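Heads up, the next two complexes both have chain A, just with different partners, chain B and then chain C.
Showing the complex of A and B:
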């Protein structure tokens, strides 16, 4: 288990800050990677930011309506296991689902 | 990296029994190789300071210094070219190509130089190179990070190709590859990096030459069974074991043969298993057409045709480029697709 803090990324086009419109997840909630995390508004547009990690949200660093600078902390996750720089750790069902049933051969 | 000593921590011949992930097992094999042979070198993109994008080379640069464990530019052809030059000068290189899809830029050096230098020099220059290649899919990574190149490399004369399926084999087969004087493509199943099991580590240095019993090219029966043989390698071995558990609920007893070495293929082991079960299903992640499943199917047919109760089935990826993350579960052989193929052999 490790805490990972996600900072407001460089939004491009010279934008230096963004306003938090709405958090789409709350502290204590488990979120999957790429699930919608927060809606931000810049002077250019409103964008939905997907979660960069899978894990439990520990802290939100900005209230709704607050202005966040690029590089400032946005949210802290507790992640189970980082896959590395690319990809996700595969999850395995305890009991895989199946539809095909077999009939044993005649002995 | 944290590891737990299991039980007494000592197996036969003073070898240590340690529970660890496949990442850690590969790390320990590299550590063992660097310690036992000062000619070994580990290099590649991000393997040094960062410790590898999957932490596989974590701590090695700190332990063995920047001259033996080092970062290279983002130039895969250069990485393998460097390995070829070093091997010609008496070194034992263990280069990493960071992802399967990044091996394509290095194919010229692998095929035109590394694979045939020994032949070209009439045996004067051996190529004791082990190319570590994190391979196959299953981690929902982007393009170029989920490819299965075993058929491509198995087709090249002069190369050996191996794909471990669990931590103990990962440790054992990597040391075997490194200690071999021939070039080996060592394909690491990324989807199994986090698989945690007991690993038998090398004991005293005196046993360093011992490769653990099985020679290069030996397969392994991962689960014995009598109704059909599932042939697989890498991450598909684990999937086939799960299929075998489900089949057992229906009264069907499946054998799972972990091929391990994709070149040379253990034709005897393959033939013996299928000769017993009389049915075979080959499972791989790579696309169907001209995949290694075709080779396995041919070998079975050539060797034990008269024992077969049904044609050999293949369950593979599709003949399309490897799909982006969310489609991966549909592309890789699913449990139901494998079960259906088994059913086809049972009903033939």
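Showing the complex of A and C:
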């Protein structure tokens, strides 16, 4: 078992924050990967974020109506994936490193 | 994956296969100033409609479709022609529709003009009120009317063309919605947020048209109803009903 915290992903369109409209799962509940997790409202539209993991919801880090910044903690899961073996990195955590810019954006 | 339908005004569209349980494709029609992606994909409708074959397009003036600048290019009948052109190109005889806001207006128009092409329609965020009440049509988006605010937000979205949207507003406003005649023989379901003023009168319209229902989503407004689970569940349930459920209609 391992705890994994999911942070508010980059929603594109230059958005830096979003308001929690409604949680679609609650602490203690099991959720499958890609199942609807939360609805958010940005200044431009409403979006539904699917669960990035299969696991049990341990903690929701923002109440409904709260404003969350991109990169801030949104929800913590307990997943079955063994992350305790020294020297291994949970697969999900590899993703951000691929998004590091090697050169500044053209604009 | 998106494709382009070549035409005078090219249309970007996408399709997804479904299962044998759902033989009728679902056509998704987005709202004013939005796009297929923003209205239906980012809001989780792809997951909600899993198993249903779907067709979605960026309406002219929107998303990555062509964006003419004349008002006449945006009358309801021109949109209907675009949609029929796309269905013909895809070899689709008949669809169910889920529309939102302007997309619901167009679903209504399509069901009126081509009842043979529409089986059932879910009309989201839509009512018989004049959506353009109090709106400055010479300079859309410069006033405080409900539509003025919608227009302003839409025109500020990246990729949107304010001149095309202004023409679209005038083209639509020049042909106000009328509740009569109503599409006959097309079962309708109305869904809107409890705080959606643009859907005022929806319940009455639902009653007058013998609709299957008129659902108000608690604590949601015109923008936030799009992603609501209650909207998705009611639409999916309505479209999945056995044909016998509508035999009285």
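Rule of thumb we're sticking to: the second predicted complex is superposed on the first by the 81 of 107 C-alpha atoms of A that agree within 3 Å, B and C clash if a C-alpha of one lies under 4 Å from a C-alpha of the other, contacts with A are read in each partner's own complex, and residues count from 1 in each chain.
One rule holds in what follows: a contact is a pair of C-beta atoms (placed from the backbone, for glycine too) under 8 Å apart; a residue touches a chain by one contact, two chains touch by 3 or more.
Keep in mind that what you see is a predicted model, and the values were worked out from it rather than measured.
Asks: State whether A:50 touches chain B only (first), chain C only (second), both chains, or neither.
Replies: A:50: touches chain C, not chain B.
Asks: Check the residue A:24 against both partner chains and state whether it touches chain B (first), chain C (second), both, or neither.
Replies: Only chain C; A:24 stays clear of chain B.
Asks: Look at A:36 in the shared chain and tell me whether it touches chain B only, chain C only, both, or neither; answer first, second, both or neither.
Replies: second
Asks: What part of chain A is shared between its chain B contacts and its chain C contacts?
Replies: Common interface on chain A, chain B vs chain C: nothing in common.
Asks: For a test of understanding, state which residues of chain B touch chain A in their complex under the given definition.
Replies: Touching chain A from chain B are residues 52-55, 99, 138-142, 145, 190-191, 194, 227, 242, 246-247, 250-252, 309, 335-336, 339-340, 342-343, 346-347.
Asks: Of all residues in chain C, which touch chain A in the complex?
Replies: Contact set of chain C toward chain A: 34, 38-39, 42-44, 47, 153, 156-158, 220, 223-229.
Asks: Quick one: in the complex, what on chain A touches chain C?
Replies: My answer: residues 13-14, 21-22, 24, 34-36, 39, 41, 43-48, 50.
Asks: List the residues on chain A that touch chain B in their complex, please.
Replies: Touching chain B from chain A are residues 81, 83-90, 96-105.
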